[in-house]
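Per-chain numbering from 1; labels A, B, C, D and E assigned in written order.
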Amino acid sequence: QQLTLGTTANPAPAAIFLADQKGLFKKHGVDLTVQLVTGDPTIPAALISDSIQIASVTPTTFLNAVANGIDLVAFSGTTITTHGSKDIAIVAGKDSGIKTPADFAGKTLGVAGIGAVLDVMLKNWLDQNGVDVSTAKFIEMTLPSMADQLKAGRVDALITVDQFAQRMISEGFGILIANPLAEIPEGQSAQEIVATRAWADANPETIAKVRAAIKEAEGIAKADPEAIRAALGNAMNLPPPVTARIALPVVDTSLSVAQLDWWLAIMKKHGLVKGDVNTASLVLP
Amino acid sequence: MNAVARSLWLAGSLGVAAGFVAVWHAVSAAGLVSPVFLPPPAAVGRALVNGFTNGDMLANLAATVARVFGGWLLASLLGIVLGVIIGISSRARIYVAPSLEAIRPLPVSALVPIFIGLLGFTEQMVLAVIAFGALWPTLLSTVHGFGAVEPRLYEVCRSLRLGRWEVIRKIALPSAMPDILAGMRVGLTVSLILVVVAEILGSREGVGYSILLAQRSYQAADIFAGIFLLGCVGYASAGLINIAEKRLIYWRR
Amino acid sequence: MRANQPVIAPSRMSQGFDPRNLVLPVVVFAIAEVLALAYVPADSFSLAAPHDVAVELVRHLADGTLMLATAQTLGAALSGLGLGGGLGLVFGVVLGLSPAADRLMSVTVETLRPIPPAALIPLSLLVYGFGLRMELAIIAFTTMWPVLVLTRAAIRETEPGLIEVARVLRLSAWRTATRIVLPGAVPRIFVAFRLAAAISLVVAVTVEVVANPRGLGYGMMLAAQSLHPAISFAFLVWIAIVGWCFNWSLVWLERQFFARRGAE
Amino acid sequence: MQALPPAVTFPAAAPAAAGKPVIRFIEVGLSYGQRRILEGIDLDIWRGEFVSIVGPSGCGKTTLLRLIAGLARKDEGQVFYNGADVREPSPDVAVVFQDYSKALLPWRTASGNVALALEAMNVPRKEWADRIGSLLDLMGLFKDRDKLPGQMSGGMQQRLQIARCLAQEPKVLLMDEPFGALDAITRQSLQDEVLRIVAERKVTAFFVTHDLEEAIYLGDRVVGMAANPGRIAKSFVVDLPKPRDQLTTREHPRFLAMRHDLFSFIKHG
Amino acid sequence: MQALPPAVTFPAAAPAAAGKPVIRFIEVGLSYGQRRILEGIDLDIWRGEFVSIVGPSGCGKTTLLRLIAGLARKDEGQVFYNGADVREPSPDVAVVFQDYSKALLPWRTASGNVALALEAMNVPRKEWADRIGSLLDLMGLFKDRDKLPGQMSGGMQQRLQIARCLAQEPKVLLMDEPFGALDAITRQSLQDEVLRIVAERKVTAFFVTHDLEEAIYLGDRVVGMAANPGRIAKSFVVDLPKPRDQLTTREHPRFLAMRHDLFSFIKHG
């Protein structure tokens, strides 16, 4: 059986890239191709249409899909957050007048996608720091264009990932305000590996094989974090200087209902998910 | 056609549309397509009612309609002016037209970053994006209309020694008017399509933006409610163009 | 004496190729290059200087990746245009010839027309999955309307005298359409198709950018996401070139058609 | 021109043939907006009859012809063709339009324009070449058969339209100033051709013209219209011997008398 | 028609006025593709002269007229207007086109179409109403002034075009079968109007017609063309007294003699 695994180009599914490049899927008896897709939100439809059978999706996409009746289940995690990770940064413009969290009220803030992981992170951070989220205006922009937007003063602050944040700060037009990962409990799931419930029910052995392959990749990653760097550079075809500086994610493929609950609670609080989700049934044992 | 006949035709037309809605209902009732992606018509109706009573659908609609018409008028004006210039000037045809032909097929979504770079996340940016995309149908039709003027009329102008501007204003534009209006009709549709793109990429509140948010959270009924609103705007504006057509090409009937 | 030349001219925007066509693009590129040298850092994540774009363009052309992507995008655009344009032509002719059908369909047509292709992507993806078919369906849907509207208008432009000729000859509806109305409308229908061709390309690329992992749009998006702005712009420039060629071949076809018709 | 003979009277109505009329107008009236164009038109045309219509410019001749063709709507009265109400064009009827330049397909050659009529009648394709060739020859257009209408002179276009109508082999031929753009000689020879064809095929003809001599020369009956509103003000039988001949007929004293009569009718209404 | 007088000869060339000709053709030739349309055209037209052109359908009359108007290109020879090469239309020259229905703006009323000429000449707007009114009146179209061309009969459209050309107050009037769609009476009265205007304003006229009598009645000179290739085959001065008059002039023995002569020229080439 020929399988396709869909994911967007980002560091979270590092274990998958690693397993793919090391031939671990083949080794465990699955014929699997990794397909990069350009947007997370299209993944549920692609799963249902059977264009891809497995996907690595962000918790926001996953929970939203489930909340609206798309019956997906997760059977593995990818990477988790740690306080030490600088992967995500909240950066303000030099001339925006933002120094402290309180200054965010009423400002224009850039995010990569309304309702997506970074957006949720930013809103959660604002909320934790006592800012009324509803006073701020959120604007969508692509990650690579964020530096230009901030420089031109089109947004007052934004949430972005490490390599872009470094550029803004080192060139002097951005000020690092916070590292939101340091302010949430450690060990939150960055992405989950999912399939439709129907497919998962029909292919338990395949799932076991995929899990085994990813587990093995996790082992390699834990032993040699630099292996991830190469795998990410390869999989996403990054320029070598970027690959060299990329902040390495922490691979951890265990997944618990509690991790999903944490996301769900924040999303609910900010009205980013409608409907009820029974997280207990969402993680395959 | 008198008022009675007109309303009968409208009723018939609504009947046909209702037929399509019935087919849609049957499809979703039979479960042929997941309701997550194709909601039943009733759910869309509820979403609409809910949007107008609880949400800010009305404000969104007003903002979007203003953008569509602003952008479309800008596009039509640009299209006609450029079309006239290309229609009459061989120099414009040599130097400018080929470049226009090359940027014509560029996906607007790929160009939006450039527009944002120039204009920021502003209302002007949204208008510029719409104008850029909706300009082509009118431009092409105008150029064609100018080429299709009865040659004898041009000869009349030449023997009357009308100036260029007069030829344009008195002969070519009226004669090309049916073509121009047809182009503007298509341009309006393109504007409606682009307003969604522009609102999404420019983060401007409106029907398009609400469609995006609904899409992000898989709220199919809200997506279709937004589409339905765009459809209504489309229908209403088509009616306006019909009226314009009746007044501007009275001599055709 | 150039007396027979019309004062105002032809229905096409551009004729054959002329070196002077390149003046404007060259000037724009030169300005862009100067600006880029002055303001764009060499390792920018979102902008690139024209010469870097040119280098990437040549490289990707040489290694065949661009060609494969072009084939995929163009294949989808062409087949979508064929399907959508064909349907639009048929419906446009029917609605143009029959005022009753036109009035009955008006609500349906006018409300379906503005459906943004982006809104159809999830639905089409769901039904067809990744690949040619989902893209084709959206392109066909989007290109159908302009062809329909412009064909309908073209048909209404038919010289009333000729319609009367058809009536007194008692030509069947089919013959009236094929012998009188369509030949007269052909120049305008070509305009419609040239417009729809550009739209088909735009929609193909958009669908690829948003969802479909194939073709030029996907390549462009992936390059942007993996922080290769020069490659991304190379794709964009290439899309412009492909679009220009696409349009040019339609103009060429049009000219062949009229040359033949003139000689017939 | 010799001195005119004293005015004579001519029989006014002409139920020349027995049976029912092919075309029958009963109290037909027609208005455009407030303007009354036709009023109280009563006219019967019999099988094989050649009726010439004359009248001042704008009096409604073309409108009358379009009523028979089924191309115009009437407001009052009735128009019958072969006993049936005229609702739409009949396949037996061919129309030569006054506005010849708008009645030809600009993208088809002379042959192609004639072929249109053959297509309409489903004539087998192998017969086309012969029939098109002989018709174009008849109209003196054989060597121009590959020209497009835009490459033809006014007179050539007019003849081409006549060729297409003859290709229809109609039972009724409605002609609206078909020879208006032709020179005297071509005109005379085509007049004779039309007379011959009409006689041979027993065609009923309705012929609008401004040339009074032509109206008499061709007609079995001449109908004179008056304007404002358009109505039939005169109608007489042309009792000149047949077959007619350009020289002798036109010099026939009755011809000259009729001509004079018609002229003064047109002049004084 | 009475017995014809013995054939007479007429002076062939007519340098009626002194000085230079207004229009001068020198060895003009023209082809469309392989087909030779005009060959070796030599023709001088003098100020105030009224030249009638006759010839078989398709012989090149319209083409000749378009050369003077600056609307057609020639392949050989030269065409001069007032001593200068004709490159493009001159403001002094008005053209009445043969296909009248194509030469009117379909979106303008009768008044609007005449106004076009006034606009072209920058006539002050307050003079328009009067001038348009009197021209339309002259053409018998006053009560139709608010009609669109599509609502007018063929003859009305033709008259409207003439009105527009007269509004130009041209020095040279080129007319291509301007009366082709008019009834005999309207035609005669317009003939007289044209003669009057031409004489009053000393207009030079170039008049293409198929009506031989009309050619003689109006012309100071009649030029006969032959076809294949189009060339000037006959040219004679009409030495009938002026002012002319529909009754006496047309019965003048020399008129009849010329008519006969022209007829046999057209017939036998």
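What we mean here is this: a contact is a pair of C-beta atoms (placed from the backbone, for glycine too) under 8 Å apart; a residue touches a chain by one contact, two chains touch by 3 or more.
This is a predicted model, so every value here is computed, not measured.
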Top chain pair, ranked by number of contacting C-beta pairs: B-C
Chain whose mean Cα position lies farthest from chain E: A
Between chain C and chain E, centroid-to-centroid distance (C-alpha), Å: 50
Where chain D and chain E are represented by their mean Cα positions, the distance between them in whole Å: 27
Rounded Å distance, chain A centre to chain B centre (Cα mean): 38
Touching two or more other chains - residue numbers and ranges from chain C: 46, 122, 126-127, 209-210
Residues within chain E bordering two or more other chains: 70-71, 88, 99, 102
Shared interface positions of chain B, touching two or more other chains: 34, 37, 113, 158, 200, 215, 252
Chain E - residues contacting chain D, complex: 1-2, 32, 54-58, 61-62, 98-99, 101-102, 140, 144, 151-156, 159, 176-177, 180-187, 210-212, 250-251, 256, 263, 266-267
Of chain C, residues touching chain A in the complex: 43, 45-47, 121-122, 125-131, 208-211, 213, 218, 221-222, 224-229
In the complex, chain C residues that touch chain B: 6-15, 18, 20-25, 28, 46, 103-108, 110-119, 122-123, 126-127, 142, 145-146, 149-150, 153-154, 156-157, 187-188, 191, 194-195, 197-199, 201-202, 205-206, 209-210, 217, 220, 236, 239-244, 246-248
Parts of chain A lying in touch with chain C, wherever the complex brings them together: 6, 8-9, 35-39, 42, 45-46, 48-52, 142-145, 147-148, 163-164, 167, 236-239, 241-242
Complex contact set, residues of chain D against chain C: 69-71, 88-91, 93-95, 97, 99, 102-103, 105-109, 112, 116-117, 119-120, 148, 168
